[in-house]
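The first chain written gets the first letter, and so on, giving A, B and C; residue counts start at 1 in each chain.
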């Protein structure tokens, strides 16, 4: 009850005007009032008021939220539906732990690098080969398994701890994040390439762990804190010469930069250190834009039409929207095309894609259509989770576009 | 509680997924845009007219009442399951059957969201004039049920003026068609008109033939700022006297200017007493003269008058206006919306009346108004957790309604009656008129099974 | 055959206002029926007393503005509203007027114009239509595309119910959704819900400029084709009407050919440009004597010509078939219609309201109306429309083979009528059965 009491003012501020209907993808696609900020908020309020005992249906309503944050932007009352859902998830955790086995398993896995590595290999390797044998089983809950990339070796094991350059102008701490480490290692290499091309020495601590966002999102603040503490201490204490902590994953970056502050709000003694850390955190595109990109070495042999998808954490978390578009347009012969609703969720939304896959698949299908409508050859984005989701959706729809990280496109242009 | 037999039959009719009977689901269909709430016996979401018919027949067999619902954004309590009833939710009937711009008609299902229809129409340079502030969320069926207005009513009228025909499932489970694709199809009585605004107490609408219009070739948006609300209403009177019918004459008072500014940062001066948004549309060659005339009229009194030069400026102005309702929550968490309307000439008196009510009851009231229509939305700010304050607010609302009636007005200009204003209805209407309503209700629904308790009791 | 208590009537309205000699009665009556008495009430309370009396004695009562249609009435009372013809209030600030129902439409229009205002609904019959009749019939007309149908202009009324009670409803607010919408529901109820005794009417400012463009065409189809051209060019005049050659002579004596009347009410600047655009469209399409009319007197002549033709059609509903199709489908409609009727140009009468997709046909002697209407309805339905009104609904239901729907509709209509008029006193000539 304590958690909900803390947000009660905001719960009470929802006037039930229904303005969030238009913002909420899960509502748009299900038409269900339990699947929209207004409904979720009223349910949370009912729990806070003791009028409703949390049950499975309540949990579904709370867990199916994409946390995309669009409702918060739309609400004229200034109610942040996503924050209220987060509070409700925390409340659920405190009430009874994270109940469903699958979710708890998934989160525990994410929390430990070892288990996570195994998980990715299992899913991408063994799982893939098993499922490949079953006819028509290319997509597990909307995720394109057949084409799910798995790093042969963790990225962190592929690179040295420091990558030096001649005449370094900057020293960049690279927070890799789980997806780039275990799955999209090529993108991590692209980040390093772009940084080094721009005179940055790259520091890649070996003992970095999951940022804690998944656990935080599902109310497991304890695990999230423990991961956060390790991340903060690693970068601030062991690699204090890193001027910035750079992440090429919008979700990680948003967690590191904003949510850590909220996470440690109840630890005033540690908070100053958190603040110090947060101020150092920067997202890839944001940083490249800030230091100024070496454009003379960007080459591109063939014309390319590119569109950009704003990850939720990028547009509403970090509020970075212009920079990635500008970077893309620096690449020669790139024609940039904006897609309809570029800033709306792709449907991945952490575990939502696995546990509420029908909604999530519908959202992705819409996104895929919007991409198709641009006639772009390529979709760029800034979040590996979005990349996998989008590529899966595109493949399933039989479209041809390739999804790449902004860093991938830039790295390719530096190679050309 | 619905019996297992009924639940099973409902699931057979609409499919497992489209029946909600769990407590959590029911909770979310018990409220709307008002402070009221109830709890339905079940929620059923049909996707076809046939399913609606089957549901109505089943409910008749089991003597269960029905409450129709669109997006549930209304301000009247019209969709609250206040008596034992199932909610029939139309949010899954979202097909746009046809858009026929050549013949100025679109055929849609009731669950189509007003905005979604506008988007489709805009592709062909057409639009559907009624656009209540809730239009991004509210459904055509809901707009029809409440006979919604919006900011363009001064020139274009309310929802009823754009309904050409309806497919209606009657309380006896039979389907009729009213009107058609044009103005001239009513069968004897204008059944379409009596169903529009009836909040589902006469029938369930399953298909709507709406009139659509080409988007006017030109539009000009103007903004005038005043020291006092009374000054703004003088401009309104002067514009009308000059023979100009603007599409829009929207007014916000100082409180609303400030709360919307907090949200939109549109740049309205926070010390202004009132802002008037004026819009005219029509042929491009007529715009300059109208803008000039309006400018001359407004500038006599306004402290500032400007014409929006870019689409962005127009957007900013409208974002302010459209967020007016919600934005007051920044001051106090709850608000009561009123919908009183008076003859235009009494508008200044109504503004005075609102101020008096605020003073008499010691409540904070912000005013946003469709000034051209004499339609005011005084928003009374409070905190619903405070019982005593809530009680005072109810009294203040009653005083506002009585004030409007004293000024020869009405208690509802565009939101409908529902539950919220039902108690004042017999103050506005004579016993003979109230009896006429009952006669109509009895003709359609003698057993009072459709949205019982809304607008009138039998 | 008089079961009407005439002396009681005289007590109510005064001797002079009760007429029971058939020769004197004649000028107030039209139609086949023979009422026992004509009564001219002077105020609402008198109307109420008369209706109560009719209830007590169980005699039927039909109402008219200047003239009463006696269809369905034998014995009983014909009530003429012509003495209740005052403008109670002309409220320029609120753009409304309160008028009594017996006021003639043409007189009202004059008074409204003097005030600088505009009352758009067209009269049913130029000379005898009353304001009450206008709302009682509640038609749409050729200006409805721009201004909305007649009901749009009613904001409230006072009515004497079939039981004699007086019902007041509505107010001067142009936006009002309180209660059930009995205000607009009553429009077009043809006196079955009650007798209007006062009308609260919405008015508009006079348009800044009025112009008309006329032209004549050798072929009805060519004339009509110009309408599609105009709509495609996004030109939506106030009226866009076509009158066939035989009717055109009534509208504008001496006209040879099919007459097109385009009425442009609006602003000066756009009016000028649109008039030129319309004139060139008409000319290019083969119109001759194409003319832009700016002179007010000449303009009124043209419009009155149109109203006369419309009245001619309205005068014989039993000899008229009216239908609507999608406006842009009119060329197909006329072509298919011609297959049923033969040369439309030579037909006794045909009018087209282009913006509304409306066609009114004055049938030649000996035409089987129902048979033609049935065929016409089929063709109209295939083009997005139907035969107008109650008959149209019946024919539509027949096409759908949905007798159930028709049965439901009529039983609902009759139930409503029964609720308001349990003894079946009022307007016996009005049938809800088609």
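By definition in this document, a residue touches a chain if its C-beta (ideal position, glycine included) is under 8 Å from a C-beta of that chain, and two chains touch if they have at least 3 such contacts.
This structure is a prediction, so every number in the text was calculated from the model and none was measured.
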Neighbouring chains common to chain A and chain B, by label = none
Ask   = By C-alpha centroid distance to the whole-protein centroid, which chain wins?
value = B
Note = Taking each chain's mean CA coordinate, chain A and chain B are separated, in whole Å, by 39
Query = Using CA atom averages as chain centres, what separation in Å is found between chain A and chain C?
reply = 66
Remark   = Chain centres from averaged Cα atoms put chain B and chain C apart, in whole Å, by 31
Remark   = Multi-chain touching residues of chain C, meaning two or more other chains, are none
Contact footprint of chain A on chain B as seen in their complex = 20, 22-25, 27-29, 31-34, 45, 71-73, 89, 91-92, 94, 111, 113, 115, 134, 136-138, 262-263, 323-327, 329-330, 333-335, 383-385
List of chain C residues in touch with chain B within their complex = 91-96, 116, 138-140, 144, 148-149, 151-152, 161, 165-169, 171-182, 184-185, 187-189, 193, 204-206, 208, 231, 234, 236, 266-270, 273-274, 322, 324, 326-329, 356-358, 384-386, 388-390, 392-394, 396, 404-405, 408-410, 412-413, 415-416, 418-420, 432, 434
Ask   = What residues on chain A touch chain B, complex-wise?
value = 9, 12-13, 15-22, 31-34, 39, 42-43, 46, 52, 55, 57-58, 61, 75-79
Message = Per the contact definition, I'd like the list of chain B residues that touch chain C in the complex.
response = 100, 102-105, 146-147, 149, 153-154, 157-158, 160-161, 170, 172, 174-177, 180-191, 193-194, 196-198, 202, 214, 217, 237, 240-241, 243-245, 282-286, 289-290, 341-345, 370, 373-375, 408-417, 421, 425, 428-430, 432-434, 436-437, 439-444, 455-456
